[in-house]
Structure formats: structure tokens, C-alpha cells
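Data first, discussion second: the structure below is written as C-alpha cells.
All chains are identified by letter, namely A, B and C, in their written order; residue positions are counted from 1 within each chain.
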Amino acid sequence: MNTKEPIIRMENIVKVFPNVVANDGINFEIYPNEVHALLGENGAGKTTLMNILYGLYKPDSGNIYIYGKKVNIKNPLYAQKFGIGMVHQHFSLIPYFNVLENISIGLNELKINLNLEKVKKKLEEIMKKYGLLVDPEKRIEEMSVGEMQRVEILKLLFRGANVLILDEPTSALTPQEVDELFRSIRDLVKEGKSVVIITHKLYEVFQISDRITVLRKGKVTYKGLTSETTQEALVEAMIGKSVSFNDFSREQIKVEGSLRVEGLTLYGKGNVPIIKDVTFELKRGEILGIAAVAGNGEKELIDIIFGLIKQNSGKIILDGKEIQNKPVKNRIEMGLSFIPAERLTRGVAAGLALYYNSILHDHWSEPYIKHSIINEQEMRNFARKIIKSFEVVAKSEEVLAKQLSGGNLQKFIVGREMLRSSKYILAVNPTSGLDVSATQMVRQALVNMRNSGVGILLSSEDLDELVSVSDRIIVMYKGQIVGSFERHEFDKIKIGALMLGKNA
Amino acid sequence: MNVALIILIIETILIGMIPRAMPIFASALGETVDQSAGILNLGVEGIMLMGAITALLVDFFYHNPVLAFLVAGFVGLIFGAIHGILVISMKLDQTVIGTAIWFVGWGLSGVLYAATFGLSSSPPTVPTLPHIYIPYLTNIPFFGRFIFGEDPLVYILIGALIAVDYFLNHTKQGLNLRTVGHDPRVAEIMGVNPYLYRYAAVLFGGFMAGIGGAYITLGIVGSFYFDITAGMGFIAVALVYFGKWKPYRVFVGTLIFGAVYVFYFMMEDLYPKIPYEFYQMLPYIVTLIMILVIGTRAKPPASLAIPYIKGE
Amino acid sequence: MILGLLVSSAFFILFRLSPFIGLATLLYEGFGTVYGWYNTLRMTIPLLIIAVGLSVPFTAKFWNIGAQGQFILGEIFATWIGLLLSKCVPPLADIIIAMFFAFIGGAIWAIPPTVMKLYSGANEIITTLMMNFVAVYLLLWLVSGPMQGAQARLVGAPSSAPIPAQDMLPLIPGTQISTGFLIGLALAIIFYWILKYTEFGYELKLIGEGEQVASYSGINIKRQIFLSMIISGGISGIAGMVYVYGITSTLIPQFFSDISTSFGYVGIPVALMSSLNPIGIIFASIFLGGILNGAFVMEAIYSIPIDVVITIYGLIMIFSIIGIMFDLPKLIKRWKR
């Protein structure tokens, strides 16, 4: 097998960003008819490497060869010409357009006239050939994540891509959708395509890949065939030292009080229910996980509880008091904290200093504000405390929030919400963008909060995370609660099926 | 009021509204393309003023209206380019820069006027554009003058309307441009250069605003005075919202404005007892009402007024 | 900013005047003589007050372009109540009441665009501007109709009756500077403090950073924006009152094309070039006031239209926002990306 010639060879790729060496002399090869897994932690440089191959970044040094010929991929258009296509983690689709329009953006085959009928005809052929089906006239904003992914892949095939790069393709999919995706990938390889999967999930590598390259801190730490490696070797290559994934120690303490949601309902456009008659109770000293495929009302549910969206009907009862009509500020005062998913637009004021950002939820209360007058020193002290206890890498509390890297910003937000005194924390994807050790730290912190009597409502795209820290999991599908599991009943397959609306 | 009078009023409005609507329409059409690519150009007012003064100067000295329009368009193009450099390449705040461009055009147009004609002399005049009268057709009662009796630029602008609408909705390049307006990152990934499209859009927007300004002096007034646009540029921007970024809707909006202008001239004659200041307020109040009516139902391109910075 | 001035000095060539002499004259007339300083401060007072008012909603990135209309409404309300009460109450009370009414007048004019923005998302730049036009014609109608003074009517001039001399704002003793300047300074200091050290200022800054983070932080965005616009409109109204009671003494029409009275527009670059810092606004308003005054003199001497000033302001705005947002190396890097 090693006698095969690679289609694409990247040689000695170096890419330096202002604060970090993202790729430090990487060699990477793509072979025909193979699934190649590019494995590594967040921030290891996987996506950067593939963005270079796709022409989005220019490497500082190093060469790319296609069929042995040196090429210069100046922009994605060149990459497409060479048969390279990439699906980014954040989809490159315009929600307002339908499938055909999305496929036609920048399409070389069309000269001037936007002939959608022609596009449709060819698309239908491709859909038939690879068994990837979508409705060509459907608008993206009406689609599920799985469908959108199919559109992305179709888009690449439409442009004649031979090598498909998929960046963390499973991150927002249910186990069932993942199976479907993997089946499609195998079909693609059978039809002569090569696929690169960027991932940090070890078990997926064994499920789907033929060949593995592991990156750590911008360097290649492992390279070889999947059939010839072991899980331990890969972990070692990914992390360097082995990190224990022990179960967290749980203690039960008795604290009175609960956050109850009764018959919560929210209607969207055209009276389509986004959330329908949701009822549950979160006790203090418990972690309640919400499992849902993105777009099933889980985001709106949390926004409603925090007061950012107004429900159409239903009650929210916090420690016996109805709060569904109270403004956000009152709810915060009554003990709510919130770790949001949108860290840069919602979690911080990007253009303000960290110490300004340290009191977003306390900016009306002592000691930071007394008689409406700001006490800057107290703000700074609190900011320093967050930076220190959550290992945020920042020069000082005067750094602007937008100058922090994604992972550090996340740590800052998580730290801020956990260090302020609260009774309940709403958390959405609290570990997204964090490396393994920081993820571990945050999960530990969540469990510690729970042990000290805080109630935590945790919504996460990562089913593993939910299973590892939650006491209970409720499953949401199309705005309704379709299942509830106690800790001893956790079963990823069953939960995944419910997330897709199937009865397990 | 009898029926004949009402018909006469309607006919007068129909005949008068087209030329009145044209300056706003030309600018609004340019702004539609601007905004479809994600650029909010609030400097239209200033660019129109520059177009108005340059068109007057050229026509006054060279007696060539075609050249005058072209030069006015070119000056608009230059202003568009400056706006583009500031907001596309330098990524500055579009609101602030738009206001600054307005100021520059506002002041500069006055300066140019005064530098040429002095402050105190009576304003220079140039002939307004001749109307095309097609024999027989123009004489059709009621609709004749309205449809077949306009000046050549009106027909050119209506041609431009059809062309722009076709471009935006039925060409690949139009789709690319709208993609840039919705999400420049996606455009780039799909091999479309967002900067290129945004520059093309601001250049077109600037050119059209220059033409719109020129039409005020050459098509309607035949002269120039300080701040001759009196807010038309901003009304044009408002109409793009009203038209929901669809050229034909924008056109209808500008016709309504043309009608408002004619209406107030007419009512001034019919009911002189109402102070004329109230008639003069009318276009602005109508704009406010229009904005109020469309409200949040208008959904702008998702990346409107947001600069594109690669890799963020 | 300096660059802006230099670029604009090139315009003097159009009037057969060397750019250097033109610029020197402009600055000399503005700042070179005691008399020039008096006139400069006369221009500065309304600019200063308006720009301080504008800095409040601007902090929340709410672009109030309607200061001109709010200024006019302040003039109207102050003059109306002043003429009504002048014989009934002592001068000091008259001034205070007039100031209060001016605040109300300006605030009223700020409300419709604000409400339209908050409840239907209408672009505030367009709506506030439309309100300016309406105000201009409203004023024109008033001074040539219901509020026209008896004497003005005889000669057919559009003007109100004058505010009695004893009711006018006094001069600072020993100078020819109106005490309106002190009002402006006081407002600047107060708002410097409010924006920097109070909860209100903190919340406005967060709103300026984005609606999402502001509502996440439990801020009542609508209330604070509304409040900031009431303050901004009201202060612009006070500027109108100070202008009538300190400088003109009568209500006269203000044409949109007349830049010499367009303080509401000139206040925008004043506020922006000082990065919305009210203390900086003091200096910026003196500077731009001086240019405005210098341009007045130049119009008289060289027939250079006052319009040259608005161009200068536009250029200063562009160059100062470039200066505020980044230093040069960073700018080049941004360009390259």
C-alpha cells in the first residue's frame, strides 16, 4: 500500500500568526481513494493547514505538489481548479438563498446568465450518483444541520472536487446523522474520491479513516495507517502526556430551591411553534443536561429562561417566584448566571477592556458600583481574580476582550460566571474551543459548583460532555421534550435516536 | 370638485412626477446596488451636490449636456472610489465616513460655485434637457405626454432600471454581488473576491449619484444654488429600505416622491392660504411616514455596513 | 486632523490665494486677535454645548444627526416662553425657565426618530435628518407668521420680537464673552464625569459595543437609548436657548444651506474628533469655532464662501477617525489583509 503515489503532497509548511506558530514545518500527503484523518486538539493547527491547502491562507514557507508538480494555490478558485474542496465547520452557505443559488455562487460554468435550470439538472445527476439527496428549491434557513452538510458536499462535487476536506464534520450531528455521513463518505471513496477529515474525536478516526496524521502544537507527531496503530499511541501523540478521563467525584448536599419551567411555549414565524409546552425542574445541586440537535429550540429555551426572548405562554418559577415577566436584570439579581454560546458578540463587549467585562452581570451592585458611581479598583481586582483562577492567558486586565484568543476568552467568560455568586447557571457549550486540559478544568469546575449546591442547566453539542457531567438529561426535538434519562440510564444511542425524533 | 378637474390634477401629477422623481431615482438605484453588496453609502447627498455643480459648470462653459452628465458621473465615481477606499480597504465606520463624505461634497460644491461665479452675482442658467415628443403618440390624451413626452435621460434611466434588476436577479455576477452583501466570507470561500464586488458597487453607486445630482441642475432647475439637493440624497437612501432592495419597488417609491413634489406645487396654487412652509415640509414628513410604515419588515442584506476583514 | 487642514488649504488656490496665506489668515482671524477670540468663542458656545449633548447617544453608537432640528426647537421654545414671561418674572427666573423649556423643546424633537428606531428599526440618521428639515420650515413659518415681531412685520423681515436686554445672558465681567460659555464648560465637565464614572455611562458604552452583549448584561437598552436621546435633544435645545439669549436676541430663520448657523451639523465632527470625550470637546469646539469664525472674515475679505468650512470639517472628520482608530503601522497591516 505504501507504494501508492500521493495526489497531493504538502512539504515543510510553516505558518506564523501574530502570537502563535500555527504550522511548524508540516509534511502532509493525501492519497487516492482514502479517508485521511487529521487528528489533533483544538489549536493544534489542523484547520490552518487545510486552509492553506484550500488557498485561504498563504503559507510563510513550504511547497505544495499536486501529482508531483509544484503549484501555487493563491485563492480558493485555484484550489477548486485543482479539484480540492473544503467544508468548513461554520458552513459557507447563505441562509437566505436556496440550494441552487448557493451552488451557483462564483460558479465557473455559468458565464453571465444565471441559468438555474441547468444547475438543477446537473445537481440531480450528482445527487443520484452519490446518493446525497436534498430539495434543490429549499432555502438553507429551513434546513437541518445534516441537510446543510449535504448541500456543502454537493457544492464541492458539483465543482468537480476530487479531494474533499471536512472540518469537524460531526460536531453538530447526532450519532445517527454521523452514521449516515460516514456511509456517504465511504460511497465517495468508492467512487474514486479522497477525503480528509479534521477531527479531535479519537473513536471517529477508527470508525472511518484509512490513514492518520496527528498534529500537536503545529508539528506532526504521528503518521501512519489506521490499521497499524493503537488508541494509546494516538492519545500520546495528541496530548503528549496521558490525561485521565476519570469520572468526577459527586457529593450530594441538600439545598432548598429549584428553577421550574412550566408549559413554556414560543411561536416563530407563521405561528410555527419553536418551543412547545416544555416543562421541567432543575434542583439546586444538580446538573441537568439538554441534548438536542442544533436548531430544535434548545437555544431559545435558554434565552427565554434568562429573559432575552419573551415566551408566548408558560411560567418560569425561580425559588417559588414567577419570573417569566421580569427583565433580565431582576433574574440576574435573583441568582441566575449565563455562559452563552456566542462568546464574542454576547459574552463580552469585544472593544472594552477585560476589567470592564468582568462585571457585566454585576454592574449595578456593590462593591463595583455604589450609588451609581463606578469603583474601578474593585472591577480590576475581580478581573485579576478571574484571570488567575481560570488560567486565562492575558497580559493584564486592561487588555481588550477581542485581543484574547477564542479559548482564553471562553475561559474568561466561564470564570466570570462561576466566580460571581449565583444559584443557577445556564451554560451553553461551555467547553467549545478549549483544549483537553482546559476542558477538563471547566467540567471539573461545573461539577464542583454542583457539589456546592448550584443548579446547572447545561446545553451542549457534545453528547460525551453531557453524559460525563450531567445528573439527568432531557432530550429536545422540534421544541418539545421527547425523553428524560437519569444518570444510571444514560445511553448515547438511545439519546441520539430521540434527538433525531426516532423512537429508540 | 368636478371629475374633469380631478382628471386634470391626476394628469398634471403624472406628467410632472417623472422628472421630479429622476434625481432621487438615479441615486437610489445606485444605492440599491451599493447596499446589495453590503455598503451603506450615506454620502449620497454630498455626491449628488458634486454632480449638480460639475454638470452645471461643464454645461455652462461647453454647452454640451451629454459631456456634462458624463463628467458629473465621473466625479461621482471618484467620490465613490474615495468612499470605497475608506470603508472597504481601511474598514472605517460607514456611518461616520458617509456623513463626512456628505460634508465634503456639500462644502466643495458651494466652494466650486463661488469660485466660478462669485458670491453675489445672480445665478447662471443653462437650458434644461429637451423633451422628446413623438408625433401622434404624445398627443394621446391623458397618457400621451406622460409616457411619450419625457427627456432622453428618463428613458436611459428606465433602461438602467431594467438592466440593474436583470443584473441583480438573473446573472451570476448579480448573485455573487448579493452573496458579498449577505456574507463576504462565504463569497471568498466560493472564489468570489468580495473587495472587487464591493468596489464595483461603490463606483456604480457614486456614478449614479453624480448623474442624479446632474439631473437636478440640467433636467429640472437649469441652475444651481447652495445645497440644491435639500435632503434628496437621504430620501434616496430611505427609499432603498422602502423598496426592500428590489429595483422596481425602489422605482415605485421614487415615483411617489415625484408625485409629492408636484402635489405640493399644485396645492400651493390651489390653496395659498395654507402657509407654503407646510407644503415644503411635505416630502420630509412623507419620508418619515414611509419609514414608519415599512418598519422592521424590511430585512437588509445580512452584512450591510459591516466591513469585511479577512480571517476574522 | 492637521492633515485635514493642510489638504483643505489647497482650496484657496481656487480663489487665487496661496494656500499658506489662506490658512494663515484663517487661523489668524480665528485666534490671532482679542477681537478674533471673542468672535471665535461666540461660535464655540453653541458648538460646545451641542457636541457635549451628541457625545451621549454617540457613545451608544446611536447616530443623532438631528441636533440642528433640536437646536431650532430649543430656540423656538425658549423665545416663546421668554417673550411671554419677560414682564412677569425677574430676569434670572426668566432665563432658568427659558432654559427648561428649551430642553423640553429639543427633547420633544428627538423623540419621534428615537421611538421609530427602537420600535421599528428605522435608520436614525435618515429620520433625525428629516426632522431637521421639518424644523427649518417650522421656524421659517413661525418667524414670518405667528411669532413675527411687530417691528419686523413693518419691514417684512422674518424675525421675532427681540428678547428684552435685561433678560439676556450677561457677559462674563471684563470681557465680551457670554456666560453661555460657562454653561457649556459646566455641561462638558458634568458629562465627562457621567460618561466615565457612572452606571449610565457604563451601560451606554456596552450598548455601543452591541445590542447582544448589552441585553445579556441585563441592560434596558430601549430605556437608556431613549434617555440618552432626551438628554442629547434637550442639550441641543439649551444650545438654541443660549444662542438666542446670548448672541442673536431674536429668533431668525435658519436655512439648511446656510452653514454659518448649522451648528447642529458642525457639532458632529466636533464630537467625533475628540473621541466623544467631553473635555476634548471643549478644545475641539474652540478649534472648529475658530475656523468657522476665520472663514466668516475670509468670506468678507476674499469672497471665499463660508462653505469651505464644511469641506474642512468633512476632511477633518475623515482624518481624525483614521487617527482615532489606529496608528499607521496597524493601518498598513489592516490594509494588507
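Following the convention adopted for this analysis, a residue touches a chain if its C-beta (ideal position, glycine included) is under 8 Å from a C-beta of that chain, and two chains touch if they have at least 3 such contacts.
Predicted model only: the values in this text are computed from it and were never measured.
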Chains touching both subunit B and subunit C, listed by label: A
Most distant chain from subunit B, judged by the mean position of its C-alpha atoms: A
Chain pair with the most C-beta contacts: B-C
Intercentroid distance (Cα basis), subunit C paired with subunit B, Å: 28
Distance between chain centroids, defined by C-alpha means - subunit A, subunit B (Å): 45
Centroid distance [mean C-alpha coordinates] between subunit C and subunit A, Å: 49
Subunit B residues counted as touching two or more neighbouring chains: 311
Residues of subunit C touching at least two other chains: none
Touch list for subunit A against partner subunit B, complex: 54, 56-57, 75-77, 80, 86, 88, 92-94, 96-97, 101, 104-107, 110-114
Subunit B to subunit C touching residues, read off their complex: 42, 46, 86, 89-93, 95-115, 118-120, 225-227, 230-231, 234, 237-238, 241, 275, 277-278, 280-281, 284-285, 287-288, 291-292, 294-296, 309-311
Contact set on subunit B toward subunit A in their complex: 169-176, 179, 182-183, 185-193, 302, 311
Subunit A residues within the subunit C interface of the complex: 306, 308, 327-329, 331-332, 338, 340, 342, 345-352, 356, 360-361, 363-364, 369, 372-374
Residues of subunit C touching subunit A in the complex: 196-203, 205-206, 209-210, 212-213, 215-220
